[in-house]
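In what follows, chain A forms one complex with chain B and a second complex with chain C.
After this line comes the complex of A and B, so read on.
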């Protein structure tokens, strides 16, 4: 099936979203809450586009709109740009401490208004951390509360039993809102303090017990009896190969 | 675990292979330099996908690089299937857009050949230079070669692999 995106003819398969087909064709649509590992969420609303379907025009989130018939898409009309500008302004007011949103606020030329900033907040409630945790098989965090108080957290903000301490949530966060503190052989994330396991060779801390258990559960941790960091592992491989040369 | 390693080494792929002959390696680290230059546009050997270890006293050098295992630990532990085998080159390649950066693959790799590049924020591993490995081109001593899996090459590879296997029999 062929659709028109910004006057460019793009070949799409039935059910594919506008966003993925546009990206394949090299057309840029801005997003914050979209990640390729997951389906579109339609949360940040930045990916809004104008769809013309048999003469009926509507504005949709391109990350959740599956293409099922021949349509014409415009990714950047004056109307869409104005809406995006408003969205960026609102996201910035929600998470003013975030650098990326601050940069976008300036880039989109958002104007001064009476809404108050949220100076400490970095989270824009995009839900990506929750999805990442779910994908790791843990679901230690979820979005809690409603309305303006909505945020991602562990149950009752307590240390979660199922958290692996892998930090995928922090790595995926588009606004770097999740804090991972790593020092003195500890890793603190979501109010949980992990004692990091030390490499038997170099003594550097390299992983949490939960992480190794996760790998073990997939049956793939190479030598469960010894704890070796990846640098020493590589060196050991070389050493042993050398001996047998 | 033994079965798994057996499978890794007994593979006979149809793709060209990066064959390492450590006895030919002079330890010059040119492969590390070109690898980091091709992948991160910098001469930064800490972010290179191939590592050379020099043992000055014993007088030998060994390049360590991803073995593109047929049953790959990195692929098995990946929660989102971001690591897949390329049909074209046979290499295990990382889809950086899909990757969650949980870094499980870096811990799971038995050779430590999958690393995390903190500057680019990506999982870095040998992708066989997308079918054209520069490390092979610059290797001055022929320790690295990229060849069709002919019978002779398979036996060379198996010789290298046998050492790997011995390593893990000793460790395990």
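After this line comes the complex of A and C, so read on.
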């Protein structure tokens, strides 16, 4: 079916979200808590758009709104922009130490108000790290507490038995809120210390022991190249098929 | 002490094994354990997670989400001061201060001797008798700033007839 997004006719499959349809058509809708690997969460509220469905207008989060009938979408009306500005302001106030949120705060022209900053905080509780951890198969972290105290953490803030130290949580975090310390062949993340393994080819640290053991436990066959990093593997494959000769 | 711990462990397992191994029983399980031990011991959360086949982090997330659950042992007498709108206007904050002055505990804390713990609740549904204080299951209506001291005194003896 066809829908109108900002006066542009866009072909959409039934049930697809407004956000993915818009992105396919090259229309930009800002997001923070959205990642292609997962379904929309509707947490950050930044992707708000105005939907006109048979004359009834409503404001919805485009990342969670499935298109099931012909609608008209506006991604940037004065009303939407005002709401987005407010959302950016609130997100910044919640996680004031985040550079991306600070940049957005300035970009959206938010003005100072009586709400106080949270100068130590980088996390805006978007839940992407939790989803990433779940997808990796460990579920070492979750959102704990409630309301203003809500945050991502391991149970009791202790080193988790199931954490692999893979760093998927830190890699996906839109505000770089998860601390990863790497030095002397170790990685410290979520209060747990991991020994890093070195690539047999280039000698760079590339994975934790736990990560490789986990991968081994999942696979049916032993991987003879398990101690070679992704970069070197790519190079080796490229050489094999003669791309760089 | 070790005997007590073993007893607790057995008790927890008994409660948990009475439920089918399904996710939807996580909350009832936690409620039963909270009722029996006045808090959710770490072991209990781990056992629940194993029992229903859910990651420990998810069970912990649920346990910290609901105010009805406590992760630290509660005192013998759990004082709940209502801080809903009506009670708040009727000076419930003063009662909390008075309890702090008298017992040295803030909301969420327990006295060193394990006798009293304090928490605030958002509404006990008894606004007509505001400010309301509950000690375990006993409701104390219209508690004044000096009245709260009398309430504490009654329980301090440790006798359950205070109820």
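Here, the second predicted complex is superposed on the first by the 209 of 245 C-alpha atoms of A that agree within 3 Å, B and C clash if a C-alpha of one lies under 4 Å from a C-alpha of the other, contacts with A are read in each partner's own complex, and residues count from 1 in each chain.
Keep in mind that, in the parts below, contacts are C-beta pairs under 8 Å (C-beta built on N, C-alpha and C of every residue); 3 or more make two chains touch, one makes a residue touch a chain.
Being a predicted model, the structure only gives us computed values, none of them experimental.
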Q. Is A:215 touching the first partner chain B, the second partner chain C, both, or neither of them?
A. first
(Q) Quick check on the superposed pair: does A:231 touch chain B, chain C, both, or neither? Answer first, second, both or neither. (A) first
Q: In the overlay, answer first, second, both or neither for which of chain B and chain C A:241 touches.
A: first
Q) Among the partners chain B and chain C, which is in contact with a greater number of residues of chain A? A) B
Q) Can A:143 be said to touch chain B (first), chain C (second), both, or neither? A) second
Q: For A:155, decide between first (touching chain B), second (touching chain C), both and neither.
A: second
Q.
Just checking: does A:171 make contact with chain B only, chain C only, both, or neither of them? Give me first, second, both or neither.
A. first
Q | Shared chain A contacts, counted only where both chain B and chain C touch the same residue | A | none
Q: Give every residue of chain C touching chain A within the complex, in rising order.
A: 42, 45, 55-58, 60-61, 64-67
**Q.** Partner chain A, residues of chain B touching it in the complex
**A.** 1, 4, 22-23, 51, 53, 55, 58, 60, 62, 64, 73, 76-77, 79-80, 82, 95, 97-104, 106-115, 121, 160, 162-164, 166-168, 170-172
Q) Can you list the chain A residues touching chain C in their complex? A) 134, 138-146, 154-156, 160, 162
**Q.** Contact set on chain A toward chain B in their complex
**A.** 35-37, 132, 135-137, 166-168, 171-172, 206-207, 211-212, 214-215, 218-223, 226, 229-242, 244-245
